[in-house]
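For reference, the structure discussed in these notes is given below.
Every chain is named by a letter (A, B, C and D) in the order it is written, and numbering of its residues begins at 1.
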């Protein structure tokens, strides 16, 4: 696949919130491997001609860094992932120096007295990263653990009220939103790859607009929901009535463990469930479970049972099984989103970028859940971005 | 679902080739049941607003007839289908009179001396049907058994050569093409719902053009291939490389038995296989079988195993099972195609209607196998048809 | 299948607790249909030569009755089940008179002041049924809704304490145990087809022994657990280590609705889960869900995902899908158990009959969960019963 | 797992026919790894107490060698298998010296002028192997490519006729039978792990008896057929009538390629199909395919669809998917069979050992295909072998 419109003279930083997690580790190693010509670009949507036409920053110009609460070196985490089959072990050995360099750009997440102080420290770390690495721009990407939904509060709705609360030493923000706040203050576009609140709170949306920054979210569409958004329109356009759609998910990695907490799972099952009804135009019943099965590691197995009704009321069924590697599915999308968000920033877009709905379970600013329509919207947007060069 | 643009003053005839088979019987009974308000319009694409906008003939105005080589009354066949769960037995009882009337409009397929004589007899039967029932137009629909591919011969390529061969008492045409010939001679649009040669031969295509008639084909996309055309684009637009795609089909009804003949199956596996490579843009390996399993009756079970490769070469799999009732999936599409072909005829379209690709495994005149793109093309065409009224 | 040792001169009553539920209705209709020669004996274990050798009462001699809290006539319930495909509708019409007669033998479950009074009323109903129908013996079968597990209490542990509590006007018994109490007082063998406490409480076990009555339980092994008990030994005897076993169940009928109450489901998931660890000799992790999906009606769909480890640590998987009709699977086992319990009673067996483990998810008195071993034990016991004649 | 009865002072040779194939390579590496304490004994039936009781030769005393037509070193083949996930790559590195030593004991299969000369050369190689390695006995194991069935000929039926034909310079034997001839002439027990003719020809059976040697076969039961032999008895003992059983197999390794030749596949589908009818007692219809899908490598994916009938004729279905690594499933059985055949030889058993039916798709000398019964027979035989010490 060629990339004729790539802008090679850009240096783009990626600041991961959760920089030592599975997704960030896989994305970091993958970007290094592809830049070094050690791996094909399979899975990268941004390498397809319809998307590359936007004129995206090259993989060679990406520089990663970020925050994490753990100190485990990247190389160690990469080895664990390689052992469980996420990528070939040889990559970890060959890229040992580059991984060590990437690791040196990760800082321990600040845990100071007040949220105001923490937000400032995060913002400063990002600014330091941009300056130290001579970057044209930095995209902040949230790939940390899923948080529960927030309870509505006035200081989450207006920027002025939020600033006042922070000044007063209060701590109204969930962590994902604190990072969104710091990212915007540092002048960085944001990608929300988890279902956490992030920038969806009114106060943050206001801040992004004020700073004229683009952002995108939320919750990367990597597996079962991706299949749903491809299959459900088939039932719709064939006038087949879906009677029930059961969704069973098993996952053993870090995200699986987080989601075994029912409060966190609520964020996830909400974003997972929304699309089906939206695509079909009516409510579809059916159980949805996300189970933590330690044995499966980073490999996710999903099974869906669809019961539908056709001509003269005849009942039929379809079932599918999805056996995918969660990090291997998420990591390329993260790289795609960084390149696209960087390009949008360069072109001066701001606010939620609805044209990126293709990548998300809960597409903010996008009205469509149908995968094919999301693809067309994306391709059109990319063509415009490229043309505007 | 509303149908604001329906043209209620049209009487449209349906002339089935294979009028006592499962698909024709189900379509006949279904049209009667829906016209009588005894069944919902589930499964009818032509009732969706995006298609109904074309201004289609109403279900109430449809009149069925056709040829078959069997004498078994429609009601008998309908009872057998009802017993195996294709539709509720009560419909057969309630609509006994209407079924008997429909049965009286079916004639035994002529089997005379020469093809010329047979073609004339078929043409005359269709003309009689149109006159006797005071029909505005008649759409001929081939739902008979699948035939093997034909060996190329000069008299199949040019109309003049064909006429000469027929005059000479030769029999160059496969049955499906003989019916296409008669249909066009009688001034009727044609729908090829099977993978048989039908009107795809050069001589027939020429005749359709000469007669300024629209026709559409081929091989109704009812099950596994439908799912493929919805799923394969997902892999494509996500830059996931499909390594192999295995397709196993089991079917017990009449079509299953026909396809247990490897020569006939060749037509089917050819049309089934073509789409995948076209959608993905590269050749995908994998076994494809259609097995006759008497026990399953009209219920088709398909299982597909998709092996694909993602980021950094990680291998993953997806599998699906489809348990559908073949006739219940095919019958509404037949009714949709009749309404759309009649409308195209009314509007003066002629030649292969590529905009109907949505309905076919082997979409003639259409360049796209991607279901979502086919749907958009269809909706656009319908909007134009409606606007031109 | 022949039944050479059948004792034709016996009249055996079946007293259903839950006589108008799906299982009792299907068993009642089925027994009538087979006795009338209208249906084959498929699904009846008691018709296999290895079991028939016991010398079992004939189907022709079975007379059904029972208690229910609903007044809906049997014929009505049977029609609903026939419409959803559990059995052919024609049986309901043909056997209308016999169903009406069976319905007339069902009484509304007494709901009087005290448990003592209720127990006496139930006992009297059973005695009346036996006398009125000139029965040699009556087997009481619990097929009512699943109850939650009981909290231990002294009066459930000893018969004397129980009698004292009942005399004092207390109500210590769950309903299933109250019926067990009444059954034993009336001199009847008992079959516990649900996971409810029933006769497993110490006080009831004591009563059965005192009355020298045989009883069997619990929780009919009809679907997914049946498959587990056939498959798990394969992994065990091949020295393959099962790493996780996930069990997802969907069910729409009455039992599905009951089990959507987590307290009742607890009884079921406990009996379902016990066998696997017992067969393999170590604890196996994995989620287990029973979901109520109204759309599925009496049809249960289960999906299991088994992850296992072989030679040199290689990880492999097996998955199965089970699409069964719950009542159609349970009803013949109920008839089998009635015939076997009647024969055990005739031969003077008493206490829990461990040899009937083959039929139960939670085999009381049986030590083995391996299906093949349970089958051998059953066959041996039947041979002994036959030989003792 | 303990192994109290192991006879540690025995040195047992394994002579592989096909010593550089996937199964032999995996078995060789696995035996070395387990003897060195580098791998657990998962998958070894001979380590289960019920089998170990026979008093089997230890893994430490096994010495491998054999014939192959390829010269690729074992270490190279092992690396390829490790890369495709059959076992951990680290084992190949750690055991490099031991693999090289094993490789030095493999000879290129002789391809001389006549079968007589070839047979003598094979026999001499085996005798040399036994002498050079100071072995108490050698078990010959056929794990080479599957051959087509043979056409009956008089010289295959009687030993005298065979010897005469060989003396006359004829070549009546298929390769597998030539190796069986040489093995028996060399005084070695034989294990036929493929469906090839091997020792099943009358002349060879006669030779084994004359030499008083035990042998066992045929066609290792590793995957889908294993599951069938565990599941089919469940339908049988529950009196559920199996209406059809479809078996679809995909395999990419060497065996898959061999079986893409329809003549060779005939041997395999014959042995695979026999068991089901034998277990159920009636003929069951259904397609059976073995497809070569290169992409899958040594990983076999099978999908079975079982349609069955229960009470009152209700139709239900069960489906299973098996994703197993063929060599990892076969290799431990090969080691088990070597230990058991060596022990049988030591105890003076001769002729076909029917008690080893548990291991084979087409159990020669065993009458039962039911897995649980085969297991009981094996355990009983092992107990006797142990007791006779």
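What we mean here is this: a residue touches a chain if its C-beta (ideal position, glycine included) is under 8 Å from a C-beta of that chain, and two chains touch if they have at least 3 such contacts.
Keep in mind that this is a model prediction, so the values were computed, not measured.
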Identify the chain pair with more contacting C-beta pairs: A-D or A-B.
A-B
Given over half shared residue numbers means same and under half means different, the chain C/chain D interface is same
Measure off the straight-line distance from the CA centroid of chain B to the CA centroid of chain D, and report it in whole Å.
50
List the centre-to-centre spacing of chain A and chain D in whole Å, with centres computed as mean CA coordinates.
50
In angstrom, rounded to a whole number, how far apart do the mean CA points of chain A and chain B lie?
43
In chain B, the residues touching two or more other chains are 85, 317, 319, 321, 323
Show me the residue ranges of chain B that touch chain C in the complex, using the header's touch definition.
85, 89, 321
Which residues of chain D touch chain B in their complex?
243-244, 246, 248, 250, 285-287, 289, 291, 293-296, 301, 303, 305, 307, 317, 319, 321, 323
Touch list for chain C against partner chain D, complex:
26, 29-30, 33, 39-45, 47-48, 85-88, 91, 226-227, 230-231, 233-234, 237-241, 309-314, 316-325, 328-329, 331-332, 358, 370-373, 375
